[in-house]
Each structure stands twice: as structure tokens, then as C-alpha cells.
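Each of the next two complexes has chain A plus one other chain: chain B in the first, chain C in the second.
On to the complex of A and B.
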């Protein structure tokens, strides 16, 4: 499926469940997302983590609403509880099954976003593991010079920001040296098609969402 | 097909007061291999970056022309076809995750027809001999492999002029020889113009067509051919080394005691389970091809990288020691100087080291003396990040020496330094060590000037780490 359409559909779903209070819809979304993830061969361990990680904030939200809420507070508490899971699971259908490079290609080719933006997103994504290691290295460099850099230490952030600025400049030079010119036309080796089936999935998906939200809301 | 002319070129960095290049005039003929030499920090990188347009030359500061076409008026999209640059730091020249994607990215930028891309990519990879790296993550490659990928990209882009900025600084001799062979082939078979900046002059005498020196007055001059033998001989005399080191005997209380230590990078085994000792108050040199895992070994010794097996420091398992205390015992000189710095100006950086130093050998006077020795004096208020690579390296080493931690691990301490700086540095290391008994463990490709400092030699090759009497 075209990753940009997938992203759009998930964005619409997220927006709609933010403004509806239907537990059955949230649960239906979680089930559908789980089925999709299983179909895409996501490991059971990963699914397990998806269940466990949001548990704490979900319980937090539930109890806050249950204790302090007004009106039908039990109903609302469960709405919030299931909504968190709906967000996490629908989000996971994107992050766990989509190649970020394909998304960048789609944004550039289908939606004609500036290549600079598409590749910027891609580069930022590729930098994440590097940044994690770098933070470890910076803290070690501090320790070796007699200074403990805690997670709230300005020096740690100063260094990390400095490193990032440096990286971004280096990245710009790297892109330029490999022939990248802002706003210049480029050819495309990987073609990301935007098929009629992608549009159908989007339209049908939104349609089903409305049925779940308005036609058959059990609660 | 490009003859390059530098016409009255003057360049001053925005934050500097003296120009780094002053009224430079030079012609670089097409299809020739030119070697650009000069001490570190004299503007080799700047010149190459100006020639690629990565740094913009202000108006009225001279002219760079390719076959009478001014670089400033050349369309940005045509530049990469005219001139390409291989960077000094192999980590800083890629925008994508895998080798294949980087090549595709470059060819897309050059607006190459997707139909012919596959062929061009395969040809470029085959030319450099790295077809097996095609689908590898660039992050997981060694320095030498990265430079080979960089060359493959340049070959695929088919630029007329190839500039190389100290491309072998973190490349082992085998990879260096292989890259040089390819460059000669590009000149002879494809008619490319090649300009390579380097301070290590080994092997170039018979390969290059022209030698250009950066002079003390910030101008450039071509070295006449009759002077070459003398010029290159002077370098190789200093480079020669047939030094023999003794093999250490196992000691009861070693500095480090490695027991069945295995190192991995992802799923790739770098070091087979190994038993080994490092001795206290001795200087150990570690050599080996790049990518063999030398830096990973250092990262394991300071606990930045996981390993299997056990490492003992003076008999204690290092995993059981307190991080803070351990970091004060074992310091690591990172390969990339900027990683080490915690402050903004030179003076602040030195002050931090002095404040937290383990010993009191480095008094303010001794620091000043060392700065003069290293040709870094008078830069107190300069922002570290505006220093040249060579100056950064020297400042980094001095900051770590001042700390006087009992053990200092040095990862390529001579990287990017010219001979004069190397000599000054080794002298400083010797005098310091005589007074402080610090233990040094050094990874270095470059042995020039370093051999006299070394007691034992370890070879890291083919997943083995062993003491050897000679360095290859």
C-alpha cells in the first residue's frame, strides 16, 4: 500500500477517535490493527510490548477520569483507556510495517513535497540510533574529564545540539557533494505508485470508520 | 577534460583575521594527478572545498575556472558532473543508509535515466571492487570501506575532476594501495583530473604528475621535478621503520586481563574469544587493518560497547567497578577530536582538564610550554570548533594528557597531523611520561615518529589479537 495514503488514513482515524467517545470503536480498531500486524508477520513479542508499554499511562488516565471525572465517569474512563490502545496499535501498523525510505519517496513523488523536506525526514530518522550512542559517548567523555553529565545537565544538551548542528551541516555538504541541488529536477529510481486501490482503501476505510462511529455504536 | 586555473585566489574565514589562502595562482592541467602537500592547518581542505563550491568564494576574491568557465557562474546542477570531492572524514559524506541507496541518490541528483542506473551502479561497484558491500549499511562499514564507497559514488557520477582531501587518514595500507591503484586507472583510462591532498607522502613519487606545496606565505607553488627525489627521500627517511619489539611475559598483576573476550559488531564477529594481558607502565601499540575492530576494543575497555567474556582491571572485573571511579582511571582519546571537547574555547577546555586532573604535573607554566611546543599558543579565546583538524587533534591530546589518568587509550592520535606536529607531540608524550609513569595504549596506522615510544606491539587482524615483534 502507498505509505502516504496509509499515513493519511491513520491520521484521519486518530483525529476522529480523539473526538468520539465510543469504546466499541476503539476496541474494533485495536482488533483490526492486531490482525493487520499479525498478517504482516509482526512477532508476538512485539505485540506483547505494545500491550504492556501503554498500560501505565492508560491506567493513569483511567483512574484520573474515574476518580475525578464528572457525569458518566466510568464510561469516560474506559473510553480514555481504550483510546490510548487504539492510538498505539493503529500507530504501530504504520511504524512497524512501513519503510521510511518508501514514505520519503511517496512524499516526493506523489505529493510533490520538496526533495529537501523528504530527505530531511529520512536523514532525521536515520540519525536516531546515532544520537542515542552519541549521548552515551558524551556522558563518558564528561566522566573522563571529572564531570558527571546528568540527563538535565545543560552541557549534555549543548554538546548534543552542537553535534546535531554539525551533523546537519555535514549532511548538507554530503548531499551537495553527491550532486543534490535544492529545487532542481531529479529522476526517480524507485517508483512509488499511487494506485486506484490505494484510494479505494482510503475511501472504504473512512467509510467503515463512520459506520463504526455513527451507525452501530454499541456504547 | 578540465584544466583548472586558480586566479589570484584569496580566502579568509569569516571569523579569522588573516587569510588562509593569499593570492594563490596556479594551473592544474587536465588528465594529471596532482599531489597537494603542506603542514596541517595550512588550508588544503579549504582550497579543495572552494574548488568544489562547497564553500562559496566571495566576489572580488579571485577566480576558480574549469576550462575558462568560472565556477561561480557554473549552474549548480552541472557542478557535480564537473568536480567531485572525497572527504577526509569518511563518516561525513553520505546522506543515505545503505551503499545502494547512496549511489541511487547521487545518480537521481545527476538526473540519470533510471533505466541505466542499475548498470552504472554495478559498474562503479565492480570498478572499486566492492560489489559485496552493495546492500550493507554504511554505518557498519570500516573507514577504508567507506572511502571505497565514496570513490564508487564519484565513479558513478562520472565527474571530470576528482578532488581528495587526505582520503587515507583512517585507512589501512592495503585499502590505501587499492584506492591509489583505482585513481591511477581513472587518470589513465578515463582521463580524469585528480588532485589529492595528503601529508603522508609514501608511494606518491612514481604515481603523480605534479607536486604542489602550500607555502608559509599562504601561496601555492609547483615543485620542479628535479627536486622530487630529495623531497620524497626526506620524508621516507623519517618514515622508515624496521623496529623490533620484545614479546611481553605474563605478569601476575596485569593492567588489563582479558579472559575469553569476544567482540561483535551486530552479528559480525570482530574478535574470537581471546585471552590477553596489557602490562602496567608500558606503552602498547595496536596495529591492524581498518575495520578489524581496534576502536571497538577500546570502546569495550571503557565499557561503551558490549562484549562477552571478562575484562579485569588490576584484578577487578571492570563491569563491577563504579562508572565514575573507573572513568577516572581509564581515559579514552577518541578518534574524532570533537567528541572529546566539553567546552567552547581553547582556554576553557584546558582549564577543565587542569581543574579535574588526577595528578599535578601540568602546572599553568607547563601547559603554556606545551601549547608553544605544539604551536597552539595564543589561541586561548578561539572557539574550538573553528580550529583546523590538526589543531583540534593537538588540543585534544593535550587536554587528555593534563588529566593524568593512570591509563590513556589513544585511538589514532596522529590522525591528520604533519611530521612537525608528530615530532612535537611525541616529545611531549615522552617528557610527560618520564615524570608521571602513565600507561599508554595506542592504536595507530601511522608509525612514523612513534616507534621510539612503544614497548610492545599488538596485531589485530583476522579476528585475532596477538603480540608480535614487528609491525608490517
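On to the complex of A and C.
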């Protein structure tokens, strides 16, 4: 399926369930997402992880609403609890099955996102492991001089920004020296088709969501 | 797209890199969030952890708006950080992206109301205020805040603004002061 359409559908789902208060709808979405993930051969370990990670924030929201809510607070508490899981599971159907390269290709080819945005983000994304390492290096360098750099130390961010400025110019230069020209038309090696079936899935998905949100008399 | 022309490739990469760097630093604060949430949940104040740390997560947007001084840089800075986090930090999926847009737009609004002219305390404070208001409006629906008792809402709002001001205002100002003194900003936007 076209990654951009998939993202759009999930985006609409996430937006809509932010405003609905139907517990069963949230649970139905979690089940559908789980089935899809199983069909895409997601490991049980990953699914278990998806269950555990949001537990703490979900409990936080639940207890806030249960203890300090107004009106039908138990109902709202469970709405929020299940909503978090609906966010996480529907989101996982995208992040676990699509990589950022496919999304960038789709946004550039199907939606005419300027190439510098698509490839610029990709270039930065590929540095993630290096960036994690660099944060350690900066902290270590601080320690050697007797400075503990914590997340509230401006110096830590300052040094990170200096590295970012340096790397961004190097990367841009490297891309340009390999023939990347800003705002010039490009040809594509990987083609991302946008088929009629993608549009049908989007329309059907949104339609089903409306039935779930407005037509089915959930209890 | 005239707007896109004012952006250089290196600007886009820079914003994305800063977003990832900050994200990598914020990972270290997860334990603060976990401990606070676990401690405060039994008395129904679990959301406070989020309120206290939210300013941190909104910092890339405010800082990007201040650093690049281009229309849309605050929104884009936060959005890029969220996009990368969606794929790499992972578990919040699409919700990260929506939060990124909301937070980025909130930060941008502060620079919009000061007409992209006040890269000083006024601009930063305005940005902290608008980010608080916009994200709070979103949480009224998303996190069901509209159902909470009034005193708690006020408490959350005040704490959130303080967090925005401390991280997005004070800390951002300290960082940008260092950048100004080192004269790196001018060279970063002229290649």
C-alpha cells in the first residue's frame, strides 16, 4: 500500500478518536491493528512490548480522570486508557511496516514535496546512531573537564547544535557534490505507485470509521 | 512554491539533526517521567509528569524558530523532530506526528504574533505562551482534560506554562546567547 495514503488514513483515525469517547471503538481499533500486525508477521515479543510501554502513561491518565474527573469519571478514565492503546497500536501498523525511505519517496513523488525536504530529512535520519554516539562523546568530554552535562545544561545543547551545524553543511555539500541540485527536476530509481486501490482503502477505511463512531450503538 | 525557495538543503538537514540530537538527549529524561508518573498516579496527578517535562519536548520548535528566523522554521523544526522520532523512538506512532504539528504550530504562533521581528525575550515569552495555549487546547480533547476539575486544570496549565518558559524560554535563551557569542548563526545560513 502507498505509504502516504496509509499515513493519511492513520492520521485521520488518530485525529477522530481524539474527539470520540467510545471505549469499544478504541478496543476494536486495537484488535484490528493487532490482526494486521500479525498478518504482517510482527513478532509476539514486539506486540507484547507495545502492550507494556504505554502502560504507565495510560495508568497516569486513567487515575487522573478517575480521581479528579467530573461527570461520569470512570467511563472517561477507560476511554483515555483505551485511547492510548488505540494510538499506539494503529501507529504501529505504520511504523512497524513502513520505513522512512518509502514515506519520503511517496511524499516526493506522489505529493510533490520538494526534494530537499525529503532527502534532507533522510540524510539526517541516517545519522541517528552517530548522533547517539556523539551525545555520549559530548558528555564524556565534559566529564573529563569536571563538568557534568545534564539535560538542563545549555552547554550540552550548544555543543550539540555546533555539531549539527557542522554536519548539516558537510552533508549538504556531500549531496551536492554527488549531483543533488536543489529545486531541479529529478528522475527516480525507486517508483512509488499511487493506485486506485490505495484510494479505495482510504475511502473505505474512513467510511468504516464513521460507521464505528456514529452508526453502531456501542455500549 | 515560493516559501520553499527560502530554505536551503543545509537548513532542512540542520533542523532535522537538531531534532534528533535533542531527542537523543531527552531519552535520558524518560526515567524522570516514569518515576514521577508512578509516584503521582495513586493520587490522581499522573499528568503532572507530562506537564513538567513538556517544555523540554517543545524546545526544538522554539529554538528552531529563533535560530533560523524563517517563516515556518518553528513548525518545521518540531515536525521534523517528531517525524524522526516516530520512526526511531517508536511506540507512539502517529500520535507523535500530530503532537509535533500542534507543538510546532504553537511555537510558531509566538513568532507570528510578534511578526517575526522579536528574536528576544518578547518573542521567546510569546512563543512559550502560545505553545502552552495551543498544546493545552489540544490536550483538552486528546487527554480528556475538559472533564477534569477546574483546580486541576488551572494547576496543569500553570505548571505547563512554567515548564514552557523554563525550557523553551530560559534554556533556549541561554543556548542562543552562546550561539550568538560564538557567531556561528550567520555562517550557518549563507552557504
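In this section, the second predicted complex is superposed on the first by the 217 of 219 C-alpha atoms of A that agree within 3 Å, B and C clash if a C-alpha of one lies under 4 Å from a C-alpha of the other, contacts with A are read in each partner's own complex, and residues count from 1 in each chain.
By our rule, a residue touches a chain if its C-beta (ideal position, glycine included) is under 8 Å from a C-beta of that chain, and two chains touch if they have at least 3 such contacts.
Values in this document were obtained by computation on a predicted structure and should not be read as measured data.
Once chain A is used to superpose the two complexes, chain B occupies space next to chain C without a clash. After overlaying the two complexes on the shared chain, residue contacts for A:178 are found with chain B alone; chain C is out of touch.
Contact with both chain B and chain C is seen for A:123 once the two complexes are overlaid on the shared chain. Contact with both chain B and chain C is seen for A:155 once the two complexes are overlaid on the shared chain. The wider contact with chain A, measured as residues touched, comes from C rather than the other of chain B and chain C. When both complexes are overlaid on chain A, the residue A:65 reaches chain C alone and has no touch with chain B.
When both complexes are overlaid on chain A, the residue A:18 reaches chain C alone and has no touch with chain B.
Of the two partner chains placed around the shared chain by superposition, chain B is the only one that A:146 touches, whereas chain C remains out of contact.
The superposition of the two structures on chain A yields an angle of 80 degrees at the Cα centre of chain A, opening toward chain B and chain C, reported in steps of 10.
Looking at the shared chain after the overlay, A:27 reaches neither chain B nor chain C. Of the two partner chains placed around the shared chain by superposition, chain C is the only one that A:10 touches, whereas chain B remains out of contact.
Following the chain A superposition, chain B and chain C show a smallest Cα-Cα distance of 6 angstrom. Contacts of chain A with chain B, set against its contacts with chain C after fitting on chain A, overlap at residues 119, 123, 155, 162-163, 171, 173, 175-176, 180. Against chain A, the residues of chain C that register as touching in their complex are 1, 4-5, 7-14, 16-22, 24-26, 28-29, 34, 37-38, 40-47, 49-50, 56, 63, 67, 80, 83-84, 86-88, 90-98, 141-144, 147-149, 152, 171, 174-175, 178-179, 182, 184, 188, 191. Within the complex formed with chain A, the residues of chain B that make contact are 52, 54, 76-77, 79-81, 84-85, 87, 92-97, 101-102, 104-114, 117, 139, 153, 157, 302, 304, 323-324, 327-328, 330-332, 334, 338-340, 342, 352-353, 355-357, 385, 399-400, 403, 405. The touching residues of chain A, counted against chain B in their complex, run 101, 119, 122-123, 126, 130, 136-138, 140-148, 155, 159, 162-163, 166, 170-171, 173-181, 184-191.
If you check the complex, the residues on chain A that touch chain C are 7, 10-11, 13-15, 18-19, 21, 49-50, 53-54, 56-57, 59-61, 63-71, 73, 76, 79-80, 83, 87-88, 90-92, 94-95, 99-100, 114, 116-117, 119-121, 123-125, 127-128, 131-132, 134-135, 151-152, 154-158, 160-165, 167-169, 171-173, 175-176, 180, 182-183.
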